[in-house]
């Protein structure tokens, strides 16, 4: 049971992570590509980290809370990096469009 | 069971890594590449955690945390470079 | 696995060499960095390859050779200091020469 | 003997104050030396040899040793007496414009060196003084620095005689090797051993090279006439009694050791004969008084050399006798030439004439000396020339019947040029537009000449009472054997030699009478032949070759340097593997490969190749470098090196930030400029290097090894108090390395600080595409997050630091994390804002970090343990529980502080550049913007 | 009160730091609690200059509720985005829109921007210079106004309640 | 007891103290800086009796015995190198102060002492990796010192010097790694021991690593074909730094003697002395190239740089001859050439400063102040550096040539060395007469501000040339014993590997 839960968590996590990366290959422009990693990959990573946390708690009987910290960190930084990347892309895009005003 | 799931998951992450590298090389814009690098960092964390699960070792945690931190800092620096050129001013 | 690692070291070295032979400071900096990666992995590999045998004493029976790791750590730090120095120096050279040619004088291409 | 050297220094000192004092000083020193010598002269006269010896460099058989025997005594007297006369003469010769002190100190230096040669007991020491004469003669010849011919003559003399001297040095080294000793006493008795030694031929060739160059023997004679640019007292000294005689002296000196073989006879007598003829012939055609004398000197040196070449005891007698005679008459003739030059302002015989009426005294002296030179009876030249003729008659060498003929011919030319010297200067014709009005020189300028001429006369008339005893002991000294029978009588009856003298005398007069036609022919055919031309050609060719090779090899190009180094490294590895016949690879089992590793490795390789291929677009290659860096740390993690991975990760990011900081100023693209050849060369080097490294890696990894690494695993906990063995090695076992490593960091920081001080760079106001930068300098959302991130990262840093001794982490990684935390503040908020809020200076951080690290080492020293000996203990505090305190932690704290200080210092230093640069936008580079 | 401010410039932060310390060390042992507290006091003091403005988090409950909503939305967002990513590109309707801001507290703005990025189909791309609106990119925008409304009520309102000016 | 580490610690502490003293004013910094060098000299000389009595002195840093910990080995050779270095440093520093060179950039004194820290560490360490670390220290410090002050040429030379040395460092790590990978140790004595029992199947790899290491040391020693960095670096940097650099190439030579001489000694079986022919041949080629370089130089400092290279190659040749006698000569010559090269760079700076706009260019220039005195100094230095009598260089060369006679390539060695000597003297005569004799007397004489305080350091470094001749007997006895000791690697190995363990707590 525990194994199955973990296995599912791991697979779901990997799935979302992969989807994020598929997104950056498949989607047509930078801004659409940005969505995948920002959301899916972050979540996927979170899922796997939690799987790990559970695994080590169960297998060693000691709390394994590191993963929570990483997850927390990813969740606060991912949107900021996305914001900054988007900001720079927007900055470059405006220039390419000859400095026209925003959307 | 778990081992199999881990293998599959690792496989998926490796595919993801390849996809990231594709975008990194193909571009076309710099933000695309930075995004690819950023994603690559996060995917590496996932790979590392999966590897830790696979071996049952907790020694990979600090590395994962550090990848997260450094990936972020790197992305910030590169983005700021695109914005301002001068990243520390 | 050793062959794979040797291949990696070889590619790093080859790439590093190719870049340090370029005429501008920037690729030279990149090349030195790649070379440093290559030699660091090489030095590290001299303790042979071990998986899941980190030299953190617990109750394991086997550990990897810790000495090369300590050496590589020192080498990484020194390499970092050197890289920083070269980067600063490349800026100084750029400011002095007015260009970033490694010899201070860009050569006109003859064949084009 | 050392007196002249001392004197040189004193004279140089005195000369600062008083010109005349320096002359007196030199004179007194020389006179004193003569007195000392005379005091010791009884020894050789008793048939003994005086030897004084001190150890100098015993390992090579070099002793500081002097030897006074007859030969040495004779030469020493010549050197000192003629030296004294020259000193007196020069006192009036050297004009008030020139530094007299300099002249006399050079002269004494030279005198000392000459004495050193003739009094050396050790042949290595002799070589030392030999080279010293070359050097001091350089100074003397070039004494008139403003004259180009003086400089050139001096350089030529130095080149030829110095070069010969070096050859001779090699010869002497071999000679001592062959003789088993460098002491003359030993060498002179080991003649047979030397002559039969395998190295005899090189020895004699090399030593004769020294002799011939010094004594101006053909084909090295040409430097001597050019050395005439020296002040005349110098010529009088160097070319009569001393410098050129050094070579002759060596022939006399080594006669017992080297002579008698076919090589000796052929080489020495051939060179002597050619020189004799050539010198005598050319002397006649020289219009310059000193030129005439120079070639005459060459000729006489040839004569003496030829005599030594005969390799018989009697020839040696004649040679040494002629040495004495030549010294006297030639010195006086040079002085006369000097007087004429001094009084008339020219030495050109075509402009001189009829001086008899102006300076009869000088003319008389000149006539007597010239007669001696021509070999006129009743003068000393006659006696030795007679002996010479006699020797040529019984010559059994190759030249055989030719030698008397050549000797007579040379004699005739000698008579002719002697006549010319007298006739042309003192009688024939009138003076032609001379710069000065000639009259007799000051009395003291003539006195030396007087004395010398008297000597010529005395020896010529009363040889037995004057020169005989000295000659006898000198010959004994040279031969190192009983004296042969000879007679110094003036009159031997009507002999063949007398006939030869007779023929030479009238032949000379005849030749002189035919001079007009001869001169014309000479001008037309021979005068163009100048040995200086081939000399200069060779020398220039050498310098050109040097230029060609140097500029060809050293292009001041970094790529060339690297290419050579790499090619050599490749060769080193390749050559190394060819030693022994060991197999390339061992048979240690490898780990099995898994497809994940293959996949990650291929991503890695793709990233590396991308870095290379896209290096022209700089930012792109930087980003792919980031991938490579990340995967390097993944490799470290995979193969059980977590500490390395952590370090690599942190260093990677800081490096990327550094490069970005620099890239702001640098061009964004690398231009295409490598030629096809370059690319191919570089590809060969890179692929070769890659293959080399590949083979090397596998060669090692396929072998088993035993390592000291196990010691650390066994002792880390018990001896170092930590379970993270890598960290224990760093802060304890090999803490000394780490101390060095943080010093490297500190130096980098300080060096960069010093380097970038005041550096101004053009800060681009637009990006690659020519658009303005974003106006939002500090994105607010980043600022907000940065505030949160700082405490968080510092927490992580403390965590990594504290656990380092037992788990992956430690001061270095912690330091980098803390620095990056601060760098994020700089990124988000800028320099000014952040700087204000950091409560310490990076400079102090470095200082205190280093101090703490050293202090932990010094503390252990103060309590009697070696530097950096660690100590640790476990404390048990209530509430907190047991924890460990180790001195190594303090050391690690030092590391931490230095890392933070340095990293922040470097980054801020680079970041701050724009502050200078924004202000001075204007100037800079064509390429700058690109 | 002032003294407390001096010792603990950001009490919430300090509490969070203690917690983070324990997470890092993977333990709740007494020793680490003490050490954690010491650090949680020292580090904010040392870094207080970097965070000059006061943070007045008034309503912790509202914040918790907000967090719950966001967590749920993240999950949903991912499923939606995954579908969009894996589906054909023609289903996408990418567009920018400006989100006017009422919230003024910088931390609040950041949190809002982060939330937008983590939740359905939107990424916050830029903050206007005067901080009055966010530029947002949507992956599939049919009606921008509707989304703006949803964001404002679902996220901005609770955040404004939490981060009021002191 | 700590005498072996003091020469390392004193400059390190000096550097840190000077860093602390940043705000105490230039004058105090100078006093501190000179004082620390004098302390270093005194300490080095005080250590001498101990070394003579108990050779070598082994010091286990941190109390960890060899081969596990890092040990310092102070023997005759290393203490001699330290003494030379510190004397040279005193001269260089003295000149830097009188010429105000130290003012022309930040941290001069700090970097200067840290450079000494690296140098002395390199001379004392008995551990190959620690040698790498000290190499990096001395290199990085030298990079900074090289760039100290201004000048485009300096930047370019610096860039080249830095990058090529970084390549060298990389090669060093490859070599150290390979040796460790086969032999499992880093201690030089232990490496020697392990090589003496090396199975023949591993000979090739070790030989490759050894030759690679030779490339690295050759690069430092400016051996052909790696010397290209030298002319630029030495001629473009400031005079005191160039003077101090005179020891830099010797570090490479020292490393070859120490590392190769110890680990590939007679005991090394198939690899016994296998490196020596490489060194000899490279040395011969270097000497030829150096001589040509000096001949073709168009600038004074460049010429001196090449002459320094020539002296380095003479050392390489004598190391390559590989005999006690040659080594003895090499050591004697090393003392001479280091101090003289240092002094010559200082003198050349005086000349360059004296000649106004013409600087060091070897062309006609107007007369300048004090030219007779400077010219005399030039003459003395010229004969010293060209190894002419009566100064020490001649005797050093004589010892080397003496030793060469027994070598199979004696003819080659003698020919090249002597011809090079001749060409050097010809070149220097040409240069001297160009600078001091061939003056442009029509032009206004130059009055540069060369005061008398510039000369003492130049004379200080020169004085060793005659002193070494006068005291040749004791000095050559010392060098002879040192050479014998170098070849007696067994004593070295025993001393290092049998250190008592009582120092451990």
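Letters A, B, C, D, E and F mark the chains in the order given here, with residues in each chain numbered from 1 onward.
Convention: a contact is a pair of C-beta atoms (placed from the backbone, for glycine too) under 8 Å apart; a residue touches a chain by one contact, two chains touch by 3 or more.
The structure displayed is predicted, hence computed values, not measured ones.
Common neighbours of chain C and chain F, listed by label, are D.
Looking at chain B and chain F, the chains in contact with each of them are C, D. The chain with its Cα centre farthest from the Cα centre of chain B is D. Each of C-D and D-E has its own count of C-beta contacts, and the greater count is at C-D. A summary of chain positions shows that the Cα centroid lying nearest the centre of all protein Cα atoms is that of chain F. Between the Cα centres of chain C and chain E there is a gap of 40 Å. For the pair chain B and chain D, the distance between C-alpha centroids works out to 60 Å. Rounded to whole angstrom units, the spacing between the C-alpha centres of chain D and chain F is 16. Each chain gets a centre from the mean of its Cα atoms; for chain B and chain C, those two points are 21 Å apart. Among the residues of chain D, those touching two or more other chains are numbered 556, 558, 562, 566, 638, 642, 661, 663, 693, 696, 700-701, 705, 707-709, 712, 733-734, 737, 741, 744, 747-748, 751, 755, 767, 774, 776, 779, 781-782, 785, 788, 792, 796, 807-808, 910.
The residues of chain B that reach two or more other chains are 10, 17, 30, 34, 36, 59, 65, 69, 76, 80, 82-83, listed in rising order. Residues of chain C in contact with at least two other chains: 20, 25, 28, 38, 40, 42, 45-47, 51-52, 54, 56, 67-68, 74, 78, 81-82, 85, 89-90, 92, 102-103. Residues 54-62, 99, 102, 124, 127-129, 131-132, 135, 138-139, 142, 145-146, 148, 151, 154-155, 158-159, 162-163, 166-167, 169-170, 173-174, 177, 202, 539, 542-543, 545-547, 549-551, 553-554, 556, 558, 560-562, 564-566, 568-569, 572-584, 586, 693, 696, 699-701, 703, 705-709, 711-712, 715, 719, 732-737, 740-741, 743-744, 746-748, 750-751, 753-755, 757, 843, 846-847, 850-851, 854, 858, 860-861, 864-871 of chain D touch chain F in their complex. Residue ranges on chain B touching chain C, taken from their complex, read 55, 57, 59. Residues 3-4, 6-8, 10-11, 13-15, 17-18, 20-22, 24-25, 30, 33-34, 36-37, 41-42, 44-45, 48-49, 51-52, 55-56, 59, 64, 66-67, 69-70, 73-74, 77-78, 80-81, 84-89, 91-92 of chain A are the ones that touch chain B when the two sit in their complex.
For chain C in complex with chain F, the residues that touch the partner chain are 20, 25, 28, 32, 35-36, 38-40, 42-43, 45-47, 67-68, 71, 74-75, 78, 81-82, 85-86, 89-90, 92-93, 96-97, 102-104.
Only residues 10-11, 14, 17-18, 21, 24-25, 27, 30, 33-34, 36-37, 40-41, 44, 47-48, 51, 59-60, 62-63, 65-67, 69-70, 73-74, 76-78, 80-89 of chain B touch chain D when the two sit together in their complex.
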